[in-house]
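The two complexes that follow have subunit A in common; it is paired with subunit B in the first and with subunit C in the second.
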Partner chain A sequence: MNIVVPIKSVIDVELNIRVQEGKIAKDGMSYIISKWDENAIEAALQLKEKHGGEVTVVSVGPDRASESLRKALAMGADKAVHVNDPAAEDSDSFGFAKILAKVAQRGPFDLIITGKQAQDTDMGGTGPILAELLGLPQVYNVIKLESDEPSTLKLNRLGHQGQEMVELKLPALIAANDSLNEPRLASLRGIMAAKKKPLDVLKLADLGLSPDEVGAKGARVRTLEFQPPKRRAAGKKFEGDAEEVTRKVMDLLANEAKIFA
Partner chain B sequence: MNSFMISDELKMVVEQVRRIIEDDVIPAESRVDPDAPELAEEDYQRISKKVRSLGLYALELPRKYGGGGMGTFEMSVIAEAMGQHRMGLYNIGCGVFGRHIPESIWSGTEEQIQQYAVPAIQQGTHTFFAITEPGGGSDPANAIQTRAERKGDRYILNGSKIFISHAHEAEWGVVYARSNPEAGRKGISAFIVETKTPGFTAKPFKVIRTAAIPNVVTFEDCEIPVKNRIGEDGQGLSLALNMLSRKRFPYSATNLSVAVAAHKRTVEYANQRKTFGEYLADRQAIQWMLADSELDIRTTRLLIWDGAMRADRDEDIRVLASMAKVYSSEALGRVIDRCVQIHGGYGVTKEFPLERWYREARVRRIGEGPSEVHRMVIARDLLRAGRDQRKARERSQAATPAAR
Partner chain C sequence: MDTLTLDDLSGLPGLLTEEEALIRATARAFVAEQVLPQIADHFERKTFPDELVPELGALGYLGANLTGYGCAGVNMVSYGLMLQEIEYGDSGLRSFVSVQGSLAMYAIHRFGSEEQKQAHLPPMARGQQIGCFGLTEPDHGSDPGGMRTFARTRGNTFVLNGTKAWITNSPVADVAVVWAKLDEDSHKAVRGFIVERGSKGFETPPMKSKMSMRASHTGEIVLSDCVVPKESMLPLSNGLGSPLACLNQARMGIAWGAIGAAKACFESALAYARTRTQFGKPIGSKQLIQDQLVEMALEITKADLMNLHISRLKDAGKVTPQQVSMCKKNSVAQALRIARMARAIHGANGISLEYCPVRHMLNLESVYTYEGTNEVHSLIIGQGLTGFSAF
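Entry: the complex of A and B
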């Protein structure tokens, strides 16, 4: 089973993210693999361990994206593709999906696994558009995955009210929820082996794409600006007799915060 | 010289270590008493098993013994991540990545290494290192009174040691004793002593730190087979000196790790805590403390990394090792003191690790050679050339008194 896993290198959200002049400040930040993408990698590795085949990780981004790809190789992926082209930088979901579709079409594949959304933008657009461009069926927000034979997946996807169980014939695209699995850490052996695994660096031209089709020029959705979240106001502390305090808190919740309205 | 290069591989190893510390060690640590010396046994076993399955166990152990084969620089960078938790200073990684064993064992025979060193590391058992005696620790050539008397194929040990960490829970340790009372420094030998040897007793006593509990160890006619002597008779103090110096860098990086952990926490706290209607972060008194801590941390790191890299290039690093030891332990003391001050009362509650770090940091300026002894090493090195010249001059003047 050959699996393609697109991954995104995002700013470590544990750090203090700063907004400068409507843009997210990128210097001095450290980058990690977007967390749902780690679940996608794990799912791919488990399927490979069961059915054989290859896992290819793909990332579109500047030089630093190669670090995330090496991490995925250290976890156990077999090869990596890094689309490193300044013209791709300000793509929207549609632009990224176009690039990823071209990469996927370079070789035969059975399955694409993405994270359900990126950890930085929370957009969740690239996966569905990618499936659409490749004419693939897609199952989103997968929380359970079984596969007795390599041609079919049995999936549970999480909805608002419950779970939906589906059977999916490959080729297809699925998107991982973080409860799908527990992403493995890289072993020392895996880390040492990662450098010897193939990592192809491609430009847009290598994929037959012109700079106008993607990036800021090809974008259908334009980000106007980013705004930092409001600093949360300090909470209130109540002390004293439990009954009295409860009454006071209930009163404030009802009449000041109006949460029951 | 180029700036320090940290390979992608090392970065990844550090990241895996950091994740195990944050996701496994710290939650397990929160389930035991704040002063506990160890994790609960089942947590230790579970996490250590995970670490082993990832090949991250005993990273400093040579590959031929099943370890990670990491060098001094790599171990120093890794230790900075591994020590960032409550027990970090005296039980780094809570032992899930492996525990220290006495360095001098590596000067032993392959048989001694296979019989003692390898199983201790693989099983994560405690060991001890006994050189300090009631008469002193930094001057072993004069202070060691414990006798090792040769009788046929055995040595008979008599005497006592003090401040011997882990001796009460160890299976074996390395003991330094005087085998030739006339030979001074060259009359001291090192022995592997099993704690089940008749006549061996270890009595723990309480000190400011609650981990790596120290003991008074006594030997009463302990019979040690000659094959348990490390090196030749009288070689004890010249054993593993180079190895001991190298280990000062990861040791110093442990000081650094706790300084970093305390400082990070304090920077966050300054941005949350308001007093008199203002954030601590907006007060210059606090800003200056934070800036000083940042300076302490970065200078410490550079000192450690520089020495550790030179150690890996087989340069003579004995003086640099002393510098790293003095500077890191004193910088830790300053940083943690400021962190406690900025946290106010919360700095000394057992709800936070600061209180434990503060207590344990004080010991770091004493154990493994107090600051003064390491300064002596540094000064001696600085003055040696001039002193030799001076002496040579004095000798030649004495030889030719009537030269004029």
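Entry: the complex of A and C
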């Protein structure tokens, strides 16, 4: 089973994110693989371990994206493709999906696994557009995956109030929820072996794409500006005996916050 | 205001390769997920998290810097970074990793026959065989050349007699690398022997009443007419220099490790100082406390950079024993100081296992003593400087 996993390198959300002149400051930050993409990698590796085949990870981004690709190789992916072209930067979801579709079409594949959304933008657009461009069926928000034979997947997906059990014939695209699995840590042997695995670096031209189809130029959704989140106002502190404090709090909840209205 | 981290001060991440950074990040994630949530409890109950051993094997942490036989073959810097993250968790767990890899496996890797390597190294790397390293005796610690464990030839066997004390992992070890003298009583007669659990006359009672390294197995090795086949001797071991070479191998890792414990103490003290309020203000706003935090951060930064530099020399094959001694002595002595300062900054909470400093502080008392005491490393460096042996 040949599986393609697109991964996004995002700023570590545990860190303080700084906004400068309407943009997110990117230098001097540390980057991680968007968490749902790690679940996608883990799912792909488990399928490969069961049915054989190859896992190819793909990332579109500047130099630093290669770190995320190496990490995926260290976890056990077989090949990596890094689309590193300044003209691809600031693509919208549509642009990224166009690039990823071209990469996927470079070889035969049975399955594409994405995360259900990126950890930085929470947009969740690239996967569905990619499925559309490649004419694939898609199942989103997968929380359980079984596969007795390589041509079919049995999936549970999470809905608002419950789960939907579906069967999916490949080729297809699925998107992982973080409860799908527990992504493995890369072993030292894996990290050492990753050095020797192929990591292709491509430009847009290598994929037959022109700079104005994608990137900032080709984007139809344009980010106008980022603003740092407003600091929350300080909370109120109540003192006194329990009865008195309870009365004050209830009064404020009813009359100021109007939560019972 | 955004506050600085230890990495901001030292710039350490910028000095690492992509791989080294990944090894560090992975070990950190492992410790955060699997070690930190349970380790204080193990320390309190005086138990070791045995279930982590196969996990350490699967991650390639056991014998990580050896080559072949299922070992990852990473460089000294990567190995040190990994040990630092583990000791950020606990010195007991780091001791397990050091003894298994740098002492027991290293001794077999360097001095063993091909058959011995094939039989022991792959299962030890996977964590399926636990090893220990028996050099110290009740009456011979800093001066192991005085050891009273002997291996006498009898037909096709050796008969071992003697007692080793303070041996990490011995109570749970499947194989012990034991150092003993052949028939004559001299440094030159020291050889290594692989003794397997189950050999007659081989016992490993635990050391009692430990107040340090409580989350680690420590025991004796009692050999009473213990008969082992001729092939149990490590054929390339030759004199006291052989076990000392193993210690030298482990020491660089211990230097890195101790600073991991120091980092955990510092971070705990910093967080505490920023939130603990006395006299109406956070104690971290007071000059006396800031001075202590700065002192701690400075020593950690200096130690990290020195350990990195000397490890790069080691990776280039250019390191001297005195340089390794400097790292062991400096890192452990400073880590212990830092742990004590951090303990005090936590006030009464500092003596509780709810916070990490007292646990690290107690553990570091052992690290100060093993792998060459603080004083012994002064003697090694002092001899290098003056030309006089003060042993």
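By definition in this document, the second predicted complex is superposed on the first by the 245 of 261 C-alpha atoms of A that agree within 3 Å, B and C clash if a C-alpha of one lies under 4 Å from a C-alpha of the other, contacts with A are read in each partner's own complex, and residues count from 1 in each chain.
Going forward, a contact is a pair of C-beta atoms (placed from the backbone, for glycine too) under 8 Å apart; a residue touches a chain by one contact, two chains touch by 3 or more.
None of the values given here were measured: they were computed from a predicted structure.
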| item | value |
| --- | --- |
| Simultaneous placement of subunit C and subunit B on subunit A, clash or fit | clash |
| First (subunit B), second (subunit C), both or neither touched by A:195 | both |
| Subunit B versus subunit C as contact partner of A:160, first or second or both or neither | neither |
| Partner contacting more residues of subunit A (subunit B vs subunit C) | C |
| Contacts of A:234 with subunit B and subunit C, given as first, second, both or neither | first |
| Overlap of subunit C and subunit B interfaces on subunit A (superposed complexes) | 67, 70-71, 74, 185-189, 191-192, 194-195 |
| In the complex, subunit A residues that touch subunit B | 67, 70-71, 74, 185-189, 191-192, 194-195, 234 |
| Parts of subunit B lying in touch with subunit A, wherever the complex brings them together | 8-9, 11-13, 15-16, 19-20, 53-56, 59, 68, 274 |
| Subunit C - residues contacting subunit A, complex | 2, 13, 18-19, 21-23, 26, 29-30, 58-61, 64, 72-74, 78, 82 |
| In the complex with subunit C, residue positions of subunit A that touch it | 16, 18, 30, 66-67, 70-71, 74, 185-192, 194-195 |
